[in-house]
Structure formats: C-alpha cells, structure tokens
Amino acid sequence: MTAGNLIIAAILMTALSGIPALFLRNRTLGQNLATAILVLGSLIGLAGAITTLGSGRTEIYGIAWSLPFGPCEIGVDPLGAIFLLVVFAISGCCAVYATGYWPAADNPATVHRITFFFGLLTAAMALLVTARNGVLFLMAWEVMALSCYFLLSTEDEKADVREAATLYLITTHLGTLSLFAMFSLLQGAAGSFLFPPAGSLNAATPLATGIFVTALLGFGLKAGLMPLHIWLPSAHANAPSHISAFMSGVLIKMGIYGLVRSLSLFHNIPLWWGITVLVIGIISGVAGVAFAIGQHDLKRLLAYHSIENIGIIAMGIGVALIGQAVGNTILILLGMAGALLHVLNHATFKALLFLAAGAVIHATGTREIDLMGGLARRMPYTAAFFLVGAVAICGLPPLNGFVSEFLIYVGLFSGILGEGGTAVAFLALSAPALALIGGLAVACFIKVYGVAFLGVPRAEEAAHGHEAVRVMLAPMALLATICMGIGIFPRMMAGPLAGAVHSWQPAVGMTGPALTAAAPLGWITIMGLVQICLAGGVAAHFIGRLKAEPVSAGVTWGCGYLRPTPRMQYTASSFAELLVKTFAGILHPHVTSPAMKEPLPGPARFASHVPETMLEHVFMPVLRLANDRLAQLRRLQHGQLHLYILYTFVTLVVLLIWAY
Amino acid sequence: MSSFADQLLVLVMLINFAVLGSSRIALAIRAVAAQGVVLGLLPWLIHPFSWHLLAIMVGIILAKGLLIPWLLTGAVRKAEIRRETEPFVGYVTTLIIGALLTAFAFVFAEKLPLAPAHQGLLFVPASVATVLTGFLVLTTRRKAITQVIGYLVLENGIFIFGLLLTEAMPVMVEAGALLDLLVGIFVMGIIINHISREFSSIDTSRLTTLKE
Amino acid sequence: MTDIVVHLLLIILMPPLLLGIIARTKAVFAGRTGAPYLQPYYDILRLLRKGSVFSGTTTWVFRAGPVVTLAAIATAALLIPLGNHPAPLAFTGDMILFAYLFGLARFFTMAAALDTGSSFEGMGAAREATFSCLAEPTLFFALVVLARLTGSLSLTNMLTRAAAGNWLGTGAAMLLLTGGLFIILLAENCRIPFDDPNTHLELTMVHEVMVLDHSGPAFGYILYGAALKLFVLGAFFIQVALPFKTGVSPVDWVVFIGTMILLAIVIGVVESIMARLKLIRIPQMLVAATILSAFAMLLMLR
Amino acid sequence: MLYSLIMLPLAGALIAWLIPGDRLRPLLLPLFGVLHTALTVDALLLTPPPSPNDWIHLDALGKVVLLGISVLFLVCAVYAVGYLGYRRERSNRVLCAGLLICLSAMSLVCAAHHLGLLWVAIETTTVSMAPLIYFNRNARSIEATWKYMLICSVGIALALMGLFFLAYSTIVAGQEPTLLLEPLISSARKLSPDWLKAAFIFLLVGFGTKMGLAPLHTWKPDAYGEAPGLVGALLAGGLVNCAFIGIARIYQICTASGNAGFFLDTLLIMGLISMGFAAVFMVNQSDFKRMLAYSSVEHVGILAVALGLGKGALFGALFHVINNGLTKGVLFLSSGNIHRSYNSKNTSQVKGVLRRLPWSGGLFLAGFFAITGSPPFSPFLSEFSIVSSAFIQGRNVSGGLFLLFLAVIFIGMASTVLPLVSGEEPAETVRTPYRDRLLTVGPPLATMLLVLMLGLWLPEPLRRLLMDAAALLELRP
C-alpha cells in the first residue's frame, strides 16, 4: 500500500462519506456514520501524508480521463504532503466536533447538507493538492469553492449569512477566472496542461510575469491577502463554527498552496517577485491584526487574525523568493520552511481557537465578547484550550507559533547579514514589522481572553454558560497537544520541512540536518524545557508557601470602592481604544463617544466599531459608480421597436463602411 | 431593351419616394402594389422568354400586386385607419434621407464588380436603394401597417437583386422568397388584428411595456 | 565555568540592589536619607513569608500569572551575556527568543490583571498592551543594527563584540540607537517619565495598577521579576551604550557591575529631575524611539 | 433515412392538429421526441457515404447540432406533458403542432447543404415559433411576438440578400453558379472577394439577428421573457444553434477563401460586443427570465468569439453549442416551474425558492453554476478551452476582455439568482396549484445530470464527432 494509494483511498472515502446518510431515515445515525467514514478516511490520508513525508519520495500516477486537455496526472510529494497533513487532520477534528456542535437532533433540516458538503470539501482539497494537471486543479478548486459556499450558507434564513455567502461566492469566482488566465498562460509556457517539473520554467519572461500576476491575484483572493481579503471576515464570522475553523485553518491555505506550487515551477526568479510577496505579506500582517484589535465579534476578530497569519506566511514565502533571487540557499530554506511550518501551525491553533469560540457561542448564544466574561469559571477546559491557542497564535514560546516565526526571523536576519542592497533593506525593514505584528497580536488576544473568559460575567448569557460536551472538547485537546508538541519538539518537523522545501526547489539540495544547522531547533527544545523547569520550580515554591501560610478570600481591591459591579469592568472597546486611535488612519473606526459639557454629565456610553474598511471605502464605491454608469447604457433597451430596427440598420451600414 | 429595364428600375426608385412621402396609407399600399407589378414585368425584359419565366412573372404579379395589397387593405379597413399621423420623422426629412440613402446605394454599387452580362445596368443600386428605403420606412413610421409596408419595400429591393440570378438560381429559392413574403405578411396580418384588438389601435409606439 | 556561576549569582542577587540604588538616589535628590540600599531584599523576603489574599473573582490564571512571568524573565536572563562574558545559553537566533520571552511575561501579567475584573487593572493592562507593542519594533531595529554590525545572530556575540570600536566606526548610528534603547529601557521598566512605580494614584499608573490585587509570595515574585527585568534590559543597554572591555575576566566583571550601578544612578537622576509624561504623550515618545532606531538602521545599511 | 428525420415530425404536427382532445394531444410530443431521438442516434451511428453534391446530407457539424437539438426537444417534450397539465385553460393545438413543425425545420437546418434550403429552413423555424411565443395571449406576449416577428423577418430578409450576393459572386467570378456548400468551399478562392465580403456582412447581420448577437439581440429579452418556459428553452437551445449553423456554413466558405482576416475579426468583435452588452444588462436585472435571455446573448457572443479565434477554440465552440443548449434547457424549464409556482418572475416577489420548490430551486441554482462556467459542469470545459486558446494564441487582450465580461456577468447573475433561491419565502406570496412533480422536474433533472456527466467524462464517440466537426471549420491555408 503506497502513500499515493492511501491518499486516493482517503479522497474517495471522504468524498462519499456524506452519501449514505442521505438515504438513512435516522438522522443521528446518518451523521455518526458520515463522521465515522470521514474520520477513517482522514486517518488513512494522514497515514499516506506521513509516509510521504517520512520517505521524502514523490509518486506520480497517470489517470485516464477523456477530457480534451492532454494527459492527466496526480502526484504526492512532500510539499503537497504538508498540506494534506493539514487537510486531513483538521477535517477529522472538525467532523468529530460537529457531532456535538451541530447535532442532528437539533438541526434535522441542515445536518445532511453539512455532512455531505463537508466530506466533498475535504476530498476536493485533497484532490486539489494532488492534482498535476491545470484543468483537474481548476475542477477541484471550484468544487472546493462551491461546497464551501453551501456550507457557509447553511443558515441562509439570516440576512447577513446570505450577504456573506454571496460576497464569498462572487470573490471566489473572480479568483477562479483569474486562474483560468493563469493556467492558460502556463499552458502557453509549458506546452501542456500538465505541471512542468519544479524549477523548469524561466521566470524572466513576460509570459512568466503574467503567470505570476494572475496567480497572485487568483490565489491571493482565496488566501485573503490584503487588499483581497474582503470576503474573509464576514464569511468566517457567519459560517457554523466548525466550518469557520475549517475555512480559516485549511481553505485559505489552499490559496497559499496554489501560490507555492505555481512559484515552484520557475527558476531564475527576479528580485521584485520576492519583494512584492514580502511587502504584501507585511501589509496583510500589520493591517490584519490592526483590524482585529478593533473587533468585538469573537469570530470576526479571529477571522482578521487569519489575514494576519496569512501575511506572516507570505512573508516567509517572500524571504524564500528573495533567497532565490540573490542565490542564498539559507534564505530559501528558512523562509519556505518557516512558511510551511506556519501553515501547519496556524491550521492547528486557529482551528483550536475557532472550535473553542464555537463552544463559547454554543454556550452563551452570542458572538459579542462584551456580553461574555468570567467564562473561565463555567467552562474551565474550553478556557484552558483557548489560552493555549491564544499563546500559540501570539507566537510566544514555548508553543508552536513561536517556532515558525522563529524560522522566518532567522531567515530575515541571515538575509540582513548577506550582501545585496535592495533585498537587505526590505528584509531589515520586515523584521521589526514582524515584531510589531507579534506585539499587536499579544494585545489583541489578551483583550479577547481577558474580556471573554476572565473577570466576572458581563451579561445574562455569560452567567449561564456551560462547559462543552466531550466530543467537542476532545478535538480541542488533540489540537492543543499538537500545538505544545511542535512548540517543544520542533525537531521532529525538520526532516519533513526540509523535504518539502527540497521538492519546492530542487536546487536546494538540503535535508534534515541542514535545516537544524541553519536554525537551532534543538535549542528551542532545551529552552522550552528550561522555561518549564523554572516555572515548575517557582510554582512548587509558591504552592509550598500557600500551604504554609494562611490564604484568605476577599473582594477585588476597588481602590477603596467596595461594591464593584460587572459593568465596571474594562470592555473590549475601551481596552482597544488607545490602539484603535493610534491606527485610526487605516481603520476608519465608527466611534460614538460621550460629549461632556455640563459640570455633572448624565449617563453616557462610549462605543467603537471597526467596519470592513476596504470593502466600505474602496470596493463598494467603485462598484456603485460603475453601476450608475452602466445604468445609462441600459436605456438602449427602451422598447421602441423602430429604433431596434435602426440598430440592425446601423450595424449593417457600419460593417459595410468598415469593409469598403 | 436593357435601357428600358433601367427606366423601369428608375420608376421603382421613384415609387420608393412615393411610399416615403405618402401620408395616406391606402396610397402607400397602392404604391407598393405598383412596385410589385413593375418587378413582375422586369424579368421579361432581361431574360429570354421561357415558360418557367412566365410562371414566375405571373406568380409575382399575383402575389405582390394583388394578394398582399388585398390583405393589407383588409387589415386597414378592420383597424379603421386612414393615414399615418405624426411619424417619428417628418415626411420632408424622410424624403431627404431617402435621397441620401439612394446616393449611398449608387456609391456602394460602384465598388462592386458586375458580371459581363449585366454591365451598365442599374440593378444593384436600385435594389440596394430600395432595401435602404424599406429600412427607412420601418424605422420612421409608427403604425404597424406602415411598418409592414416598409418590410414589403425591403423585400422588393431584395427581389430586384434576385432578378440578376433568375436563371442561375434554382426555382425553389424564389419560391422561398415568395413563401417567406407570404407567410411573413400572413402572420403579421394576424398579429396586427390582435394588436388592434388588444390596444384598440395599431400604433406600435405604444408597444413599449417590455424594456429595462 | 566560573563565569557561569558568577552569571547565575549576579542574576539572582543583584537585581533588587538596582532598585535600592535608584530609590536612594531619588532620596538624596529629595534631601531625604532614604531607605537602606538593601531595602528591596527585605521587602521581597518579607513578602515571601506572608500569607495571601485572593479575590473571589479570580481563577487559576491569576495565580499562574506571577509564576510564569518570573519564569519567563529568568529564562531571558540566561540568554543575556554580562560584561564581556558569553551567556550560559547561547545559540543562533536567541535574541528572538529573548524578545519574545518578555512578550510571554507581559501576556501573563496582563491576564492576571484582567482576571480580577477590576476596572483599574483592566485600564493598566490596556495601557501596558498598547505601549509594549509600540516598544517592540525599537528593540528589533536595535537587534538588526547589532546583527549587521557584528555579523552574528546570537546575543552573546552581538553584545560582546559590540566594542568601543564601533563607536569610532559608526558613532552616529550608535548614538541614535542608545537614545532609542534608553527610552525603551525606561518604558519597559515602568520608570518615570512613562510610569511611576510608587505613586498611588491608580488612574495614572501602568504596571503598578496591574498588580494591585496580588499579595504575599505572588507579589514577591512580581517585585523580583520587575527588578530582574530592569537588570536584564539594563545589561543589554549598557553593553550597547558603554562597551568597555579589558579582556581580563575578573576586571570585566567589576566593570560590568560598576556600569550597572552607574546606570541605576542615572535612572535615579532622571526620575528625580523629570516629571511624569501625560498619558497621551507616551505613545509619541515610543514612536520617537522607534524612529531613532530606524534611522540608526538606515545609517548601518547605507 | 434523413428525410424521415424531417418528415416524421411534420406528420406528427398534422396528427396533432387533427386530434380534438387537449388532454391527449400533448402525449404526441414525447412520442415523436423519442422517435426523433432514436432516428438521430441511428443517423449518427451508421454514416451514409458522404455525397458532396447532395442537397441534404449530414456532416459532422450537422450531427453535433442535431444531437443537441434532438435531446433538448425530447426533454422539452416530456416536460410539456407535465406543463400543459397546468395550462388546461388554453387550447394547446397550436403549441403542439408548432413545436413539431419547428422540430422538423430544425432537423432540416442541420442536414441542409444547399444554402437556399438552409435559409428556407431557418425561416420556417422563425415563423413556426411566432405563435408559440404568443401562447399566453396577453398584451405583453403579443408585444413580444410582434417585435420578434418583425425584427427576425428583417434579419432573415437581409440573410436572403446575402445569399443572392454569394450566388452572384460565383457568376461574377465566372464560376458555375450554385449555392451548394461543397462546390462553394472548393471554389472559394476564385470567388469575387468584394461580393463575398458583402455577402458575409449581410448574412452575418441576418443570421446574427436570429442568433441574437448584440446589438441585433433586441427581440430576445422580450420573447424569452414572455414565452412559456419550454418555448424559451427551445428558442435558446434550438433556434440559436440553427442560426449558429447558418453562420458556421458561411464561415466555412469565407475562411476557405484565402484571406480570412476580415471575417475572423468581425466575428471576434461582434462576439465581444455581445458579451459586453449581456454583462451590462445582467447587472441588477430584476426579471429572472429576461436575465436568462441576456445570458443567451452572452453565450452566442462566446460562440462568435470562438469562431473568430479559430484553431483550438473551434472544438470549444462546438462543444459549447451542446452544453449551452442543454444548460439553457435546464434553466428555462426550472425557471418556468418557479414562474408557475410564484405566478411572478420578478425577484422582488420570488424568494426562498429552495424552501418552496427544493427541486426546481436546486436545479435553477445548479444551472446557474453550470452556465457561468463553474467546474465540474460541462460548460466549464468548453468555455475554458475557448479562453485558454485565446491566451495560447497570444490574444491576451481578447482573453482579458472575455474574462472581464464573464466576471461582471457572474456578479450580475449571482446577485439576481442567490437572493432568489436562498432565504425564507415571503409570507405574502400567492399560493398556486403548482407543485414539483416528476414530469416537470424529471426532464430538467436528467438534463442537469447529463451536463454534469459531460463535464466529468466526455464519451469517446462524441469527442471524435466534435473533433471532426472542428476539422470542418478549420482554417485551410
């Protein structure tokens, strides 16, 4: 049983997982059956991906198809395997979670829709990653997009769900159209719809430039790079939470995969490609997290963090491209390895966060964090898992987020040491940018965690929160474990990553040790352990002291005020106010602040809300303008028959005059 | 002989102007009928006699000269309308435009080579001019019936050209031409009746509910 | 080996002394006798022996806060070279870990603050979050400059190689850098003019207000952690600002300790002669620091 | 053999006219539909030896279109039984007879190799459709019919003029005067280029009117909007393809004449203009049937562009003829159901179709995805092969415009279709007797599955057939 066969089996199983349920009268049984099949398929797929990563071999299978687009192949290589790992792992977790979060008993109308399209979505993604023919790729791509649309619009009786779904569908289709152009151009360059071997195309041609631009457009739209991210926040916010987790964890990574895969086909890459990707990455990262800080809808906030992390991944890719341009293999290795590892890491901790958020929303019935508070008491496990995710996404040691950012940082710094004016300048600039992103992320997540889980309940909803059921907690626990595992023992990823980078750019003749040499992953383990030991020591001492000395409970010190009420707690808006003010230039927040005139002001409230500025201030106005212009043209269809005949007449005459 | 054909063609073109200038529908119908008769005579002049030719002539004169005018007059009588009041473009203007179009037709005809047999004949300009006139009527008149007349003129123009090919072209294509003409007019006649029933008038400028 | 022992001894013993010196300096300026130099040691030891009071609203996060914070700062202390001596733990890219450990410490301090549900502590956390992420880039500009300057990716080399020679070579850059770093040093350690460690107007405070509710051993850890942070960042600063080195190990230790004490005095002086900034001015100062170090970087890359 | 394809439906029409009962008559349609399809398949399988100078014989091009038309008619015929079940108030004599006459005329179009005959056949389809558009007998339908009739007649007249020019070009060139296709193609190089150009222009405008290329498309939204769903389906999936054959025949001659540049450019430009027009009119279109009409304008534009591009796009063009026909069938039939059920075709009243009519709504949605070229439906394959051949030929501007228009059209259609199918159904909508039944849902469903199948697996015979047809249109150097 080779890796490829395993993957193919997994694709088939996941694709069909939802079908039996359609014919079962007992919906709960159907859901469980579908989940079981899906999980089994995912496990098989994981086995396949892991074998590939272990062996580092590439397997190509020709498949017989009758479509007039040349031969068709599918293949599994380490680069793809990394993404397959993500697809199958997260898919399995979300499916299990769904049985608790979206039980058939409570949602008889929609459960089949969800299980069916979820399986289809998983399979489409896996197929997408293994496709080696442009047309097959496009088909998988669109099946993915469409099934995701149906999942997203599950609750289409809600108006904003409909809006989000429509926006998503339109943007994703625009991306697909841009990919039409890209694969056509690629066919022109390679002479066939089959993907040419990695590094076989010369990037210094206008054709290649066209491919690069269209790829950036098409895949960037899916990945949610600024300013193409407009669909992402509302989509992630309005989908059912496990779908949000899957979208944010995996779907947008498919855009990254497409970008990486299409870039892998080129050699002799011009510097400006790398710089473009790097700068776009920086913009997405900083702007994404800045927008996130302004949100107080839990899921919208997490969605903007997806944009941020996609930005970080793009920065890694940019570093790798710059490395190719200046011929510095260390940069290629570290940048791409960092990017790929961050794909994996973001998938895990973002899925974890969304699942935890789902549990919270399930318990409190609201997405508004200002209505939560004190949940750590009522749902301790969820709170703990969310904390793990939060620390990880902030890139703080000793969790996995740190490792991938560490790789990218080391890449940046080793680029800075090298020669080459422009490149060095941009790399040097991006290190502090990444630091800024990290700092803002910390600010944002301490806000979420503090306001939602700590303190005391701010509203009824939160007061009656209840801990999630086991089937919801188990996936979270698994994901949290992965976060810690990779964070403390990153060395186990060194081999796979190096293999993936190698299959991305065969020129880089690197294997496991080289990566560990370039970035001391072993030391990260040591430092992690040191941290844990120190913490353990202090904790032990602390506990000892607590045992030894009297411990009494009191009320929070209100600086003399003895009857604090929940409404006195700092809200998300007020927490973010200073930062939102600092970034008001790009955020355009809607602020309603009290105007204090008379000496003894009456009751007043402060609230700030950050809209999807790109959409509101750039895209919609343009579309509206275009629409008004077109309205003029629509008068041509005025119903006057004789003028219709005149059109015919004029066409005839014009053609005659043109001809003679 | 051929010069005489040319004179007839000039006559055809004059009839075009009559159609353009006439405000009374009855007159326009007669004019078209006359045009049909003239066209029916033309083949006689350019082709040697043959029974086949005779058949065609008779057929045309019957169809274009009698049957269709009869249908149209019937429609007019049903809808009780005498004259085309306020067309979209005034009569004088249409006449001028018609003149320009005729000129254009001659220019256009200049550019096209003729078969040796037809050198110096006015067939091409005449037919093009008539077609354009038909268009002009179609685009400038309000009443459905007048638009049908315009369509007839258009058909006549095409038929003029068809004469150049009478022997070259198999019968059934002419038959096709006639068939098309007849069926077209027939269906239109029916519809005109329905229009007058639905809208109590056959003023097509009222038919503008379907639009963006 | 001895170096490592000395290093450990210093990071364990010396930090509270700095606080003592600063306090004494301020007392002198205020014309008071002031508390003895070792007062902070007494305070910490006393606190460790005291019992604790926990607010009813708090959870385990509140208790974990000080522990994790102290552990993180202590780990960072193992990465920083002192004087001319390599750090006990040094590897490629350790400066990144160094920077992020402070992030971790901050995260848990703020979490503990928010756990109390007090509006004052929330306020403090909000300010801390804002200021620290504005301070972050400056540190990294500095790291970029040092990396470029010394051609190495490890704190030990960056700081020990940053010899007085650099000042002759790229004086302007170093000057800007020093300015920037000094601002960060004060801001990160909540000293005047950014924050006032011993006022009791909660509305004006940043760090102190976050730890209002802690008591007993936990508060002891916080106090010690703060001192250690001052020590570590101070060490970082002086090795950029005053890279005096002889190469003879004992002498270098003495020089290092001397410069640290000098730094403490300078901070004391600054605190005595400056007033606290208005809260809205603080971000501007931090951005200014960022700009200074950014210029320094540009000069380096040129 | 071939003649039976044409005669059989005529006989059917006669019978339909004679049968007195309205209940029984519709059953004739599926009967003759099946017979016709059987004959078609038979004709496709065993090919009579090609006889170039025959007025009627079936070449690959004709086969492709005939196949599409026959299948579509069968679908509409079965649907008609269910549909007319809801329209007992009207006599369906004219409808049934008209449909069958139209079928025979369409078959003739596919088989005709004498351009005169071809023209007569196309004309017959036009005339036979007029009373069908008028089926609803109200002010709107009569207006639509009148416009359709007059504009199409003008167009067809111009086409006749074009034919005359073509014939005359042979005379001028001193060739044996003929309107048979093969001789014309073989002697194309000798024809007088000026007359040929004129002929091409008149024929393009003529058949273009029938096909609905902008700005000659003006009758389309009205006719499609007012005609019953199945008539709309036949208009969009059948008659359009007949007109396409007309243009394709001229294309064969013109491209064989040596300097094809002018003809190709004209087609390309007309096609792009049509797509642009469609794009403009689809944006916030509130009447979903009119929207489908503009979508049809778009797709004839695509066909024209494909012809204009030539080379690899030709395969796409022919494949698209079939795909577009079938998909339009699905869309019009399901939209007909929706119209029946809500008794309105305005998006302001029609909402939440997926909840009220899960099957029709789902089909409409699927059809929308298919027609906008989303994989895995077959229109994706044809549209993609067209656009990719544009880019491969280095016609980046055309390709870019093509994609741009597709993008705008998708936005327009999506913002009309999605609110239509999704959401809750409004409370105040009228209750109508219509329910989704096997006879009204089965046919479009089968067609949809066919479209999906073709998108995933192109049967070898069909593929070879398309290849042969494309070879017929190939530019001969």
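Per-chain residue numbering starts at 1, and chain names A, B, C and D are given in the order in which the chains are listed.
Quick note on the criterion: a contact is a pair of C-beta atoms (placed from the backbone, for glycine too) under 8 Å apart; a residue touches a chain by one contact, two chains touch by 3 or more.
The structure presented is a predicted model; accordingly, all values stated were derived computationally and were not measured.
Asker: Spell out the chains that contact chain A while also contacting chain B.
Answerer: Touching chain A and chain B alike, sorted by label: D.
Asker: Which two chains have the greatest number of C-beta pairs in contact?
Answerer: Chains joined by the most C-beta contact pairs: A-C.
Asker: Between chain C and chain D, what is the separation of their C-alpha centroids in Å?
Answerer: Distance between chain centres, rounded to whole Å: 77 Å.
Asker: Nearest whole angstrom, what separates the Cα centre of chain B from the Cα centre of chain D?
Answerer: Roughly 31 Å separates the two chain centres.
Asker: Could you tell me the distance, in whole angstrom, between the mean C-alpha positions of chain A and chain C?
Answerer: 35
Asker: Report the inter-centroid distance (CA atoms only) between chain A and chain D in whole Å.
Answerer: Using C-alpha averages as centres, the distance is 44 Å.
Asker: Could you check chain C for residues that touch two or more other chains and list them?
Answerer: none
Asker: Return the residues of chain A touching two or more other chains; collapse runs of consecutive numbers into ranges.
Answerer: Answer for chain A, listing residues that touch two or more other chains: 634, 637, 639, 641, 645, 656, 660.
Asker: Could you say which residues in chain B touch two or more other chains, in rising order?
Answerer: As it turns out, chain B has residues touching two or more other chains at 111, 135, 138, 147, 204, 207, 209-210, 212.
Asker: When you check every pair of chains, which ones turn out to touch?
Answerer: Applying the touch rule to all chain pairs gives A-B, A-C, A-D, B-D.
Asker: With touch defined as at the start, can you tell me which chain D residues reach chain B in the complex?
Answerer: Where chain D meets chain B, its residues are 116-117, 119-120, 123, 127, 130-131, 134, 139-140, 142-147, 149-150, 153-154, 156-157, 160-161, 163-165, 167-168, 170-172, 174, 177, 179, 192, 194-195, 198, 221-222, 225-226, 281, 285.
Asker: Which of the residues in chain A come into contact with chain B in the complex?
Answerer: Spelled out, the residues of chain A in touch with chain B are 634-635, 637-643, 645-646, 649, 656, 660.
Asker: Inside the complex, what are the residues of chain C that reach chain A?
Answerer: By the definition above, chain C touches chain A via 48-59, 61, 63-64, 66-68, 70-72, 74-75, 78, 89, 91-94, 96-97, 99-101, 103-104, 106-107, 110-111, 113-120, 122-123, 125-127, 129-130, 132-141, 143-144, 147-148, 151, 153, 202, 212-213, 216-218, 221, 283, 290, 294, 297, 301.
Asker: Over in the complex, which chain D residues touch chain A? Could you list them?
Answerer: Against chain A, chain D makes touches at 146-147, 150-151, 154-155, 158, 194, 197-198, 201-202, 204-205, 209, 215-216, 218-219, 221-222, 262, 266, 280-281, 283-284, 315, 354, 369, 372, 374-376, 380-381, 384-385, 387-388, 390-392, 394, 396, 399-400, 403, 406-407, 410-411, 414-415, 418-419, 422-424, 457-460, 463.
Asker: Chain D touches which residues of chain A in the complex?
Answerer: Counting only chain A, the residues touching chain D are 65-69, 135, 138-139, 141-143, 146, 153, 156-157, 159, 162, 165-166, 169-170, 173-174, 176-178, 180-181, 183-185, 187-188, 210, 627, 630, 633-634, 636-637, 639, 641, 644-645, 647-648, 650-652, 655-656, 659-660.
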